[in-house]
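Below are two complexes that have chain A in common, paired first with chain B and then with chain C.
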Partner chain A sequence: MGELAADKHVKYIISVEKKKDSFESVVMEHLRLNGAYWGLTTLDILGKLDAVDEEDVISWILKCQDESGGFAGNIGHDPHVLYTLSAVQVLALFDKLDILDADKVSNYVAGLQNGDGSFSGDIWGEVDTRFSYIAICCLSILQRLDKINVDKAVEYIVSCKNLDGGFGCTPGGESHSGQIFCCVGALAIAGALHHVDKDLLGWWLCERQVKSGGLNGRPEKLPDVCYSWWVLSSLIMIDRVHWINKDKLVKFILDCQDMENGGISDRPDDAVDVFHTYFGVAGLSLLEYPGLKPIDPAYALPVDVVNRIFFSKK
Partner chain B sequence: MSTRENSYTEAEALNLLAQLERILDLDPLIDEVGFIHPSQFATLKEEIGDSLSSEDRDHESTSFWIRDHKLGISTQILIPVYKAAKHAFISALRQYKTPGNFSGKSQDDTLAIEVMIHSKALLLLSCDFATAWNSRKLIVSNKRLLPILMDELHLSALVLSYSPKSEQAWSHRRWVINMISRNCSTLQWIIERESELVEKIAERSKMNYRAWNHRCWLVSFMTREQVLDELKKSRNWSGLHVADNSCFHYRRRLMLRNLEGFCYTQDNNSSGYFVETYQIWKEELDWNESLIKRYIGREALWLHRRFLSMYLIKHMATHLLAVSCQSKPKASVDIDIDSLMDHELCLVHSCSTTIADANFEEAQAIHSAAYMLWLTKQIPEYQGIDIQEKLRAGVGDMTRMLKRSCPDRSSLWDYLVGYHSEP
Partner chain C sequence: MNRSEEDELKYTEDMICNNFSNYSAWHNRSLLLSNLLKRKVEGFVSKEKVLPDEYEFVHQAIFTDPDDQSGWFYHLWLLDQTVRVDSPQLVSSWPTPGSDLILLGDRCLDGCASSPFTRFYLDSRTFPLVLYFNQSVEGVNSSTITVDSELNTNKDLVWKPLSSCNSKAAQVWVTQLNLPDGNTHSSKVFPVEVSLGHSQGIISSSGFHYSNPFCFAFRVSLQLVETQPVEGLGKEIISWRDESFHNYNAHSQDSSPISSLYQLSIKNDNELTDFEWRAATIAKEIDHFRELLSLINCKIGKLTLARLLMAHDAMTCPPANKFSHSEEVLELYNDLMRLDPMHVQYYKDQHSLVLLQQVTSSWESLLSRCFHYSNSPSNRGSPMCLQLKNLSLSRLGSFDKLLWVQMLDLSHNELRSIEGLEALQLLSCLNLSNNILGSFTALEPIRQLKSLRALNISYNEIGAHSIDTTKYLCSSPLSHSVGSEWNHGQTVIDDDIKSYWEAYFILKGLNLTQFDIVGNAIVNEKFKSFLIKVLPGLKWLDGEQLH
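And then the complex of A and B:
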């Protein structure tokens, strides 16, 4: 088993920004702000956030803000909560939350809550428990949770719980590890984890580990490094992480590294990308791999960043 | 390849975009789009005997290929056409949204048409370009005409033909259907077509969460007849795709929806309703058992069984009790939990005894033992029958086998042993 090629991953992340000549990277430009969050959080976990020009990043992020208060995935695109959370998280990494008009951003997010407690992703009304997580996480970071009806938001998330203990996008939707992270994370931040049947959900989650040690997102699917985050963080939040084999998972993630050019892929020998690089490194951080900053399983930010938000004297 | 891509001039790129938009305009029935490597053009032409008319020849050669309403776009031109389409779309949208930039309604309409044309071309190259989908919603919601809304469903299906997991394309369908559902008598017909579309896409794109999630979403619009009909129609497909957890989840959704109906109609002939519903449950259990025995070691089948058994014991049996007390004559079903559990133990026993080297048989043994332990953890006791007591004799063997075959979860198995041995 190889070691974590930390320096190579840093180089890889910095290089991703520079080469944009493939069609695949060109058609991702609408979610560049998500990409910035994945890349920069990885750098911070690796202790190398100073490898990028902070001023450049921040001035670009501010240009992505819409007059509604929400952020778009790139300059000139429509705003959506998906990118609004990424913007807030990246500014938190740089300790620059104070340059935001927190009320304006949180009014945008709070304005998307519906009567049943659910959240729309933008003005066009698509509802998903992912957006509930985003809203709750974002408002919590901005310390503006009082702008929404948290009880109703919790009630809606609970209505998306299935008989297998997992959660789907909307009531009756199939359980999926990504959605489970969102629902458990939102309930954790809202102080409502008692709604989760921890044994039942823990059982479903630990059955995501396949023979190779990797985790899948749903029954019968192939393992994928990104679930090292979604499944693992959920197991930690409900205190059932000892139900999987952590050593085998560490090995699986390390086997997905490109040892030559850096970056981590979904499965061994596949092409790397910044999304899987982030989830691989974040997963290793949750597994207490040496040399990495610890990451918070609910806020998906380094623990020192979360502590700075909530415990620093203003 | 990238050197050639970079070598397109702006005028060439604009010309390619114009060609694409002309093709889309000339054939509104295009129902499939795909990206083709330049080398495949020659092969495609040979296959059809190069019978293109001279007019087709103008805009074909090596950029586009169209026949029988199928459109192929050369991978060589993707970047320049995308850039041209994006630029044209953004500037048209900016003009459309600028107040006072037009002198009257006709100008407004012209700009709306521009946005529609460019956003369509753009979405065929970049399926999740949300701003382009949004601009179409904006324009369509100003019109609210059924044929225009149906066109949006068609475009979304076209995008799904090359990108079946496109989140934005699926989301656009839901927005359109919500618009239609407000004032339209053809909704039930549309819901049926939607369900068929999902099945068609699921056939090509296996275990597609977004597609099946859409189908689950449709259920809330269905009448009870449609729910029962869907249950019947989707059974065959599920039997042929036993590893696809999503299709079984869809069946669970339909079965629970049917039960919701039961709860609301308790007063009117509820015992007849219940007999029918119970029958559906019983048939599903029998069918699931036959699949479990035919397809060895399939996780999705065992998970489906967990749901069926638990729900039957925990919820339906209680319901039945309530119904049979009220109804006259007495409901003609009796859920005998004791013999049901004996049956399940028998099934599990027959699946765990054949431990061989074969991976599938080992998987079958693991899934069956885990199934039984799961069930007893969820339902420790029912109507005075101690289900754990029934299992006590076998629990030792099962956990030993699980610890041997599945050591990664040994903490869970240890936890269960402790749980089962509690007084």
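And then the complex of A and C:
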């Protein structure tokens, strides 16, 4: 089996962060805050978070905050929960959550809950279970879950449960691994995993593993490294991860590396990007690959960061 | 524009006929049909009329290309629609209907003439009444369940759901009944009558009411004999070595209490209606899949056949013929482990469940695994131990048949989970050594076992894994289901609790007198002193007597 080219990936991530004029940076400009989360969490898992200038990053993040309390993907862009979660997660990595006005950020997120318990992504109203996960995860990190109606939020997520045990983006929406991660993660954080039929969903999820050892997002689709996170973390949260072959998945992820220039791609021999680099490394962490910091499957942050949030002396 | 649901259904049919490898179309079809059936729209009033065509339809997909997953989950849904009984039913209880129980208090006696299956040892002033339903239900309380006896006032009874986190629903519910007064004449018998279904309120998560009025009774007497202290639970160290156990020799008078377990297939009337078409449909499917397998040796064929045979057996009455296909199903899962090695652990788990169903399917089979526990062979006053060790079990099940168990040996298996074990409310001695339990959170079910005194988890993998797969399935501060004591700072979070929070949450509140944990990566001197703090009543740790 190949090995994880950790140093190469660290160099790749730092280069992406620095080259603001590169093609990748330009197409990602509107979601640069997400990119920061993917890159920095990967660095932390690899034990190299100190390779970046913490103050630089944090001051830029704060400039992305809008007067509504929410965060935008980059300076001057519009706020959205997607970037708000990333901002909170990155600050958690640096143990700097206290620089936030937690109530202000929480009020922005809580204000996006609708009457049926669902969440919109921003003031323009799109509803998706992804936003339910984001809201619950973000508010939990800020320890402000009491600002929303958790029971109703859970009710809405359960209404998106399908007959195959999976979850969709809205009620009746087809099961998809990404949505499943969001719903299972939200239910996990809310202490409501008893709503999941673990055996039924577990079988649907474990059948995402195809011959090459990689995981796909739904039946008869191609495998992709990002599902190494979404399917894997879902399986871990419901204690069914032993139903896939972990060794074969490790090999698939390692085969997706660019061993020369660093970075990981969606499948072997494709072009790399920060998104897939994060999901590959995070997946390897979940698979207990040696030398990596363990990552929490629900919060998508290193376990020591999560423990620091919940077990510090108050 | 509002298309009618029938139009949409036709559309999915067209899409599938065009290309059956269209998961979206199968998903939408299942959703539409399920709504039409639920609302009993004209033309969709009975499943009996609708399902056969659907089976034929999905066969075309599966039999053309068995490796294409698009139809697999639709077929599984059809199977579920065929066998599912919507309304909640009582499957099992402890005490069992018609049983005559002798409850022994703290000072237990020697040379008791009664059967060890009717003697139960308790070191508290109460004993549990356990109800086991076929699915998770809410609304079990003193208004929906009436317990009539001299021992308690019904309205004072508090029913608890055996679920983790703060779920108000559970498949298993328990309440505590008072032991008869110790001053009463020791041979006085107290009858207890339990009735349910007389008033609405017990409801499943899909909204179906328990509606089958049912009544059962049992009798309880107390024996408190003041002899010298013998092997009461917690009085002496329990040894799990083979020398401590002696085969149980069955006597004919023992047959009644355990065999009543097998008469506890309560006559659920709902099960009998629609039985004809359900059984016929399953039988037809079995034939179809046998035919498929004769042509193509495929994974979905074997897996579906295994599921169909189990469904068939579960529906069969009388109980004597239950699980007649177990051997064939076990063989199918063995085949699948070879045919699809990527998912070997999935098949292993199913294999374990079927094996346990087989073991618990007859009282002869259960009895062959029952052993007297005794440090001295002449003492016949000790509890019965059910030995399920060395069975390569990776998963547990059949708890409805095991509610009576007080002493359980599950050592030398491959268990990474004990999900469901919380149903065994009588457990006082539990051996889980030499398994592959990976964290304290995997022991969550034990938090509900208030009678547990001796626990052996030696030689497992606690502390050996960086990733915890049961972290969010237990009540903990990370999953926002913990009571106010943590969140409002009433728990002092010292360094020990920070390092060992999982052990703290699982073990605090337990009344263990004996604990074995050697052979787990987490164990060192620091951890052992932490354990002694968390378990103040502990008398023996890893075989050593504490002071």
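FYI, the second predicted complex is superposed on the first by the 307 of 314 C-alpha atoms of A that agree within 3 Å, B and C clash if a C-alpha of one lies under 4 Å from a C-alpha of the other, contacts with A are read in each partner's own complex, and residues count from 1 in each chain.
We take it that a contact is a pair of C-beta atoms (placed from the backbone, for glycine too) under 8 Å apart; a residue touches a chain by one contact, two chains touch by 3 or more.
Since the model is a prediction, treat every value here as computed from it, not as a measurement.
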Side-by-side fit of chain B and chain C on chain A, or clash: clash
Contacts of A:D21 with chain B and chain C, given as first, second, both or neither: first
Touched partner set for A:D95, first chain B, second chain C, both or neither: neither
Superposed model, chain A: greater residue contact from chain B or chain C: C
Touching partner for A:D116 - first (chain B), second (chain C), both, neither: neither
Partner chain(s) touched by A:H194 [first = chain B, second = chain C, both, neither]: second
First, second, both or neither for A:W124, with chain B first and chain C second: first
Contacts of A:K248 with chain B and chain C, given as first, second, both or neither: both
First, second, both or neither for A:T170, with chain B first and chain C second: first
Partner chain in contact with A:L145 - chain B first, chain C second, else both or neither: second
A:E3 touches, of chain B and chain C: first, second, both or neither? neither
Overlapping segment of chain C (options 260-268, 296-304, 458-466 or 512-520) - the one that collides with chain B in the superposed model: 296-304
Residues of chain A at both interfaces, chain B in one complex, chain C in the other: 163-164, 172, 174-175, 200, 202-203, 206-207, 209, 213, 218-220, 242-245, 248
Chain B-facing residues of chain A, complex: 21-23, 26-27, 30-31, 72-73, 76-78, 80, 122, 124-126, 163-164, 168-170, 172-176, 199-200, 202-203, 206-207, 209, 213, 218-221, 242-245, 248
Parts of chain C lying in touch with chain A, wherever the complex brings them together: 21, 23-24, 27-28, 30-31, 34, 68-70, 72-73, 76-77, 136, 163-167, 169, 205, 341-346, 349, 416-417, 419, 442, 465-467, 469-473, 475, 477-481, 489, 493, 497-498, 501
Complex interface listing, chain A residues touching chain C: 140, 145, 150, 162-164, 172, 174-175, 188-195, 200, 202-204, 206-207, 209, 211, 213, 218-220, 236-239, 241-245, 248, 285-288, 294, 296-298, 303, 306-307, 310-314
Chain A-facing residues of chain B, complex: 2, 5-6, 75, 78-79, 82-83, 90, 125-126, 128-131, 134, 137, 171, 174-175, 178, 207, 209, 212-213, 216-217, 219-220, 243-246, 249, 252-253, 256-257, 298-300, 303, 306-307, 310-311, 370, 374, 377-378, 407-409, 411-412, 415
